[in-house]
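Next come two complexes built around chain A: one with chain B, the other with chain C.
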Partner chain A sequence: MDDRRDLWRMGWAAFCLGLPFLFVLAPIGTFILYSFWHNESGALVREFTLENYRAFFADPVFRNIYLQTVALCLGATIVNLVVGYAIALFASRRPPRLRFALILMFMLPLFTSYIIKVYAVRGILGHRGVLNELLLASGLISEPITAFIFSQSAIFLTFIVLYLPFAILPIYLSIERIPENLGTASADLGGSQMDEIRHIILPLSLPGVVVAALFNFVMTFGDFVTPTMVGGTEGFTFGRIVFSQFGVALNWPLGAALAVILLATSVLAVGVAGLAMRWSTAR
Partner chain B sequence: MNQRSDVLTLEAVGKSFGSTTVLRDITLSVASNEFLTILGPSGSGKTTILRLIAGFEAPTTGRIMLDGADISQMPINRRPFNTVFQDYALFPHLSVRRNVGYGLMVRGVPKAEIEPRVEAVLAIVGLQDYALRLPRELSGGQRQRVALARAIICEPRVILLDEPLAALDVALRAQMCKFLKDIQRRLDIAFVFITHDQQEAIAMSDRIVVMRDGRIEQIGGPEELYAFPASRFVAGFFGENNLIDGVVGAVDGARCKVETPIGPLWGSARGPAAVAGAEVHLAIRPEALVLGATDGHRFVVRDAQFAGPTTLIEAQGVVAPEVTLRLRVPSGGTRALPAVGDVVAIGWSETDARVIAAEGSNG
Partner chain C sequence: MKQRSGLFDLVLGTLALVSLVIIYAPLAVVWVFSNWQPVRVRGALQLAPFSWDSYVALTRNADILGALGTTLLVGLVSMLLALILATTFAMYYWRTAGVSRQIMQALVFLPFLLPPIVVGLSLLIAFRELDATRGAFTIVVGHTVLLVPVVYRLVLTRLNSLSPSLTEASLDLGASQWQTFRHILLPQLGSALLAGALLGFAISFDETMVTLFLSGSTSTLPIRLWSMMRLGFVPEINALATLVVVAAALATAVFGVMQLSGKRGER
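Now for the complex of A and B:
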């Protein structure tokens, strides 16, 4: 009887620990391994080398695109945090039914396909897209603005549209969890609405902000579909380079090394986010 | 009223939520250095009164006056009152000193001035050594003190306390009662204290407002409420009482003759009960009843429960079985305790009998 229960327990533990190993650690381990091998005239050479990493650090093209992408994704993340926070705060202060409707409305894009959303943005930003047509019709411009599409700014705008829900949701949930009477206490002690937001709501919702920032940065940084579809030749990002090494250049070891750098950047972001959590308390 | 100076007055205040009326016609005043307790069972509207005073809700009818000026519509953060919340509502991310200094900080008091004031207030509540702790690193009693310190630092005209002792255990509660009363005397400001616990109310209050179903049932000092409850409800709230139903037969000043099933009985009365023909209860405390009184009424002992120093005896009238009395007699007395079934004589002093208006017959 006891033996059987122990067996079950061990089996369950093995299953829970085994799944992440199989689905997360094994693939990551594989491409880390690949990143230390190299390609020789199309054939994979299974010998330890740092050549791929050297290529990244030595080649200014890689480095510049890397830094450009970090800046792009940080920018999109910051915009989404500000916009997302404003929306989440606004929603959290509405009556319950309206609150639910508002949040649902902002979450609706999550229920639609990623590709459809990107095409929708293309339809808005494109050469004869909604935005240009509107501007033309209003007489503000005489020719369509081409910079909307196939540029870094097009990627930037699309990132903001696509990833805003991932900013709103965690922030909203963390604001929602703050007991209502803390706000009442702030007012009772003479605090204005601004005091409440600044000294109570903002620090107490910081965990949500950090999660939102992580979602936005990590997801945009790894995204190669959006840049491919709206970036054109101008909008080259690090994610696209990684993809091109695997899909176009067929240099898997270099692609793997770049992917490791991408992963390391994300892990670094998580670390920074963890440190940021400490700001929430003040002694 | 002579020496009294009222800081806060509620004039015919009422509050409804939709079609539900939770407060009706509340008129009361708080003296500038008074410990006023609002006492009532849950749902009696006592917390709503506090929320109206603090400004968390606006009254539906009536006015709230501060020093004679209407403040019914004044925003929360402008009112010179501070609240000690039932669950303390301490800011979980701020240390004790930042919690306590919050009221000064949002008022723009310079940092250099905040620190010594926080220190001083923490010294009053005995938490000098805890300034850098976070609320979660404190015990319940300590959190309570932080909440109080945070409320008093702004030097409010009135401190509002919403059942602040409810979350504490019994021993700590008694200690905090004494502590709160001490602080109130030291600061010499008004405390409005909400509770459902009559012992807390009696221990601390200068005056007690007894609430029932959104109305004020009676206002008075603790002794007055204990000795002269205006209604059966108030009598029931303050300890045990024996009630004998009857009708007022004659009134002689503050004395009334009440016709009861066990014969005419005299008692003292105040207010609407003292009218011939009024339906009343004669209320006598269990400890005021005397077993074996020479002029006593005849009762049969139905039950005797040993309860340590006293024994609780339940007796039924011989002439009128509908009358039952409960009395406490010393367990270790010289006389043997009566056994169940014994017929005994029970008497009391006329001054211990109070005439209370029966339900529905008081204004």
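Now for the complex of A and C:
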């Protein structure tokens, strides 16, 4: 009886460790291994080489697109942090019911189809899209603005529309967590509302800002669907280049190496966020 | 002083309102275009009179309906797999001690933390090494890997909130481990599993980035939309998009009400 129970227990452990090993760790290991192999006239050569990594560091095209994408995603993240902070602050200053409704309204679009939103944004930003038509009709412009679509700025705008809710929630939750009596104390001591925001709310909500920044940066940096849909031929991003290695370009080892660099960048972002978190809570 | 903070709120409020309009504009446009189809008159955008034509066309589009069927099937299967696996893993974490459970948990969470593009191409490469043909099966594997951490988190949180005396009493009274799980623990996990099922299905239904790597010639709805949009415009997309958004909003509302009433019940 005891033997059977031990056997059963061992089987359970093997199952619970084995499946994650097989379906999570093994694929990731294989993918990293692939990045050290290379393609020779279309065939995979299973020999260790740093060729793919050298290609990234030596080729100015890859390097430039990488840096451009970092800048693009940082830019979108900063805009979302500023706007997201303002919205979170506004919501936190409303009565509880309205507060809840407001946050829910901002979160709802997260539960609607991602690809449909990208598609719709494309329809709005298009050369003769809704935005241009509205601007034309209002007489503000006489020719459609071409920069709205199939460009880096199109990706930038779409990132803001799609990822803003991801910035609002962490910031809102961290503002919400600040004890109310701190504000009362500040007011009792003669501090204005602006003083309260500057000296109490802002410093204490920094951890939420860090989380929001991390979410926004990592998600936009790895996104290749939005850039493909609205970026056209001008709006190339690093994620798109990785993806194209598995489609049109068909150079899997190179794609794997570029994806390792993408992953390393995300891990670096997590590290920076960790440091920022320590710094923001230390004071 | 009072006036200054009033002005401050006005500025923030305006910004919030403008942002709301901007993030809802895409959804609104899709709906408007589904009933008032956009037409081009010498390049300029105009709306046709109100009609349900795009919805009618949708019901006749075998491509989209086929993809919808695949999506529902994939969602259902991955959701069920995720429920079973996540519960097993959560029980393992809950009932054992030591490093092995930490390792298991780290691996379970990993796909949730990694960029989707990395998850997708890892699985793609692994499947190629195994000579597996891409199709519904590979999509289900990918989705299950993504859903397990979500359901696991929900189930483990619930398990941790249970009093250990429940299982102790059951075992003392001579029930087997399985009986204890089946009759004592499982009923307690109901709300967590339901939440996991809904959330999991919703994630699977919408999943795009990992699926793009794993779909092969089988298309789920997001993949179908992806290729249709790259080829060109079909009015049915707007009808479909509107229906999907309405369904998602309804599901979210139902889920929200359930969570709220569940919390009230627990109190």
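The rule we apply is simple: the second predicted complex is superposed on the first by the 253 of 283 C-alpha atoms of A that agree within 3 Å, B and C clash if a C-alpha of one lies under 4 Å from a C-alpha of the other, contacts with A are read in each partner's own complex, and residues count from 1 in each chain.
Assume contacts are C-beta pairs under 8 Å (C-beta built on N, C-alpha and C of every residue); 3 or more make two chains touch, one makes a residue touch a chain.
Everything numeric in this text was worked out from a predicted model, so none of it was measured.
Once the complexes are laid over each other on chain A, chain B and chain C both fit without any clash. Within the superposed three-chain model, A:Thr281 lies in touch with chain B and out of touch with chain C [touch as defined at top].
Once the two complexes are overlaid on the shared chain, A:Leu189 sits against chain B while remaining clear of chain C. Look at A:Leu104: by the touch rule set out above, it reaches chain C but stays clear of chain B. Judged by the touch definition given at the top, the superposed model places A:Glu133 against chain C, while chain B stays out of reach. Looking at the shared chain after the overlay, A:Phe224 reaches chain C, while chain B stays out of its contact range.
With both complexes superposed, C is the one of chain B and chain C in contact with more chain A residues.
Once chain A of one complex is fitted onto chain A of the other, the partner contacts of A:Gly239 are limited to chain C, with no touch recorded for chain B.
Touch criterion met: A:Pro203 reaches chain B, while chain C stays clear of it. Once you line the two complexes up on chain A, you'll see the smallest CA to CA distance from chain B to chain C is 9 Å.
When the two complexes are superposed on chain A, the residues of chain A that touch both chain B and chain C are 192. The part of chain C that touches chain A in the complex is made up of residues 1, 4-5, 8-9, 12-13, 15-16, 19-20, 22-27, 29-30, 33, 40, 43-45, 85, 88-89, 92, 96, 100, 103-104, 107-108, 110-111, 114-118, 121-126, 128-129, 141, 144-145, 202, 205-206, 208-209, 212-213, 222, 225-226, 229-230, 237, 241, 244-245, 248-249, 251-252, 256.
Chain A contributes residues 179, 181-182, 184-192, 195, 199-200, 203-204, 280-283 to its touches with chain B in the complex.
Every residue of chain B that touches chain A in the complex is listed here, in rising order: 54, 56, 75-78, 81-83, 85, 87, 89-95, 97-98, 102-103, 105-107, 132, 134, 150-151, 154.
Residues 12-13, 15-17, 19-21, 23-28, 30-31, 34, 83, 86-87, 89-91, 93, 102, 104-106, 108-109, 111-117, 119-124, 128-130, 133, 136, 161, 164-165, 192-194, 218-219, 221-225, 228-229, 239, 242-243, 246, 252, 255-256, 259, 262-263, 266 of chain A are the ones that touch chain C when the two sit in their complex.
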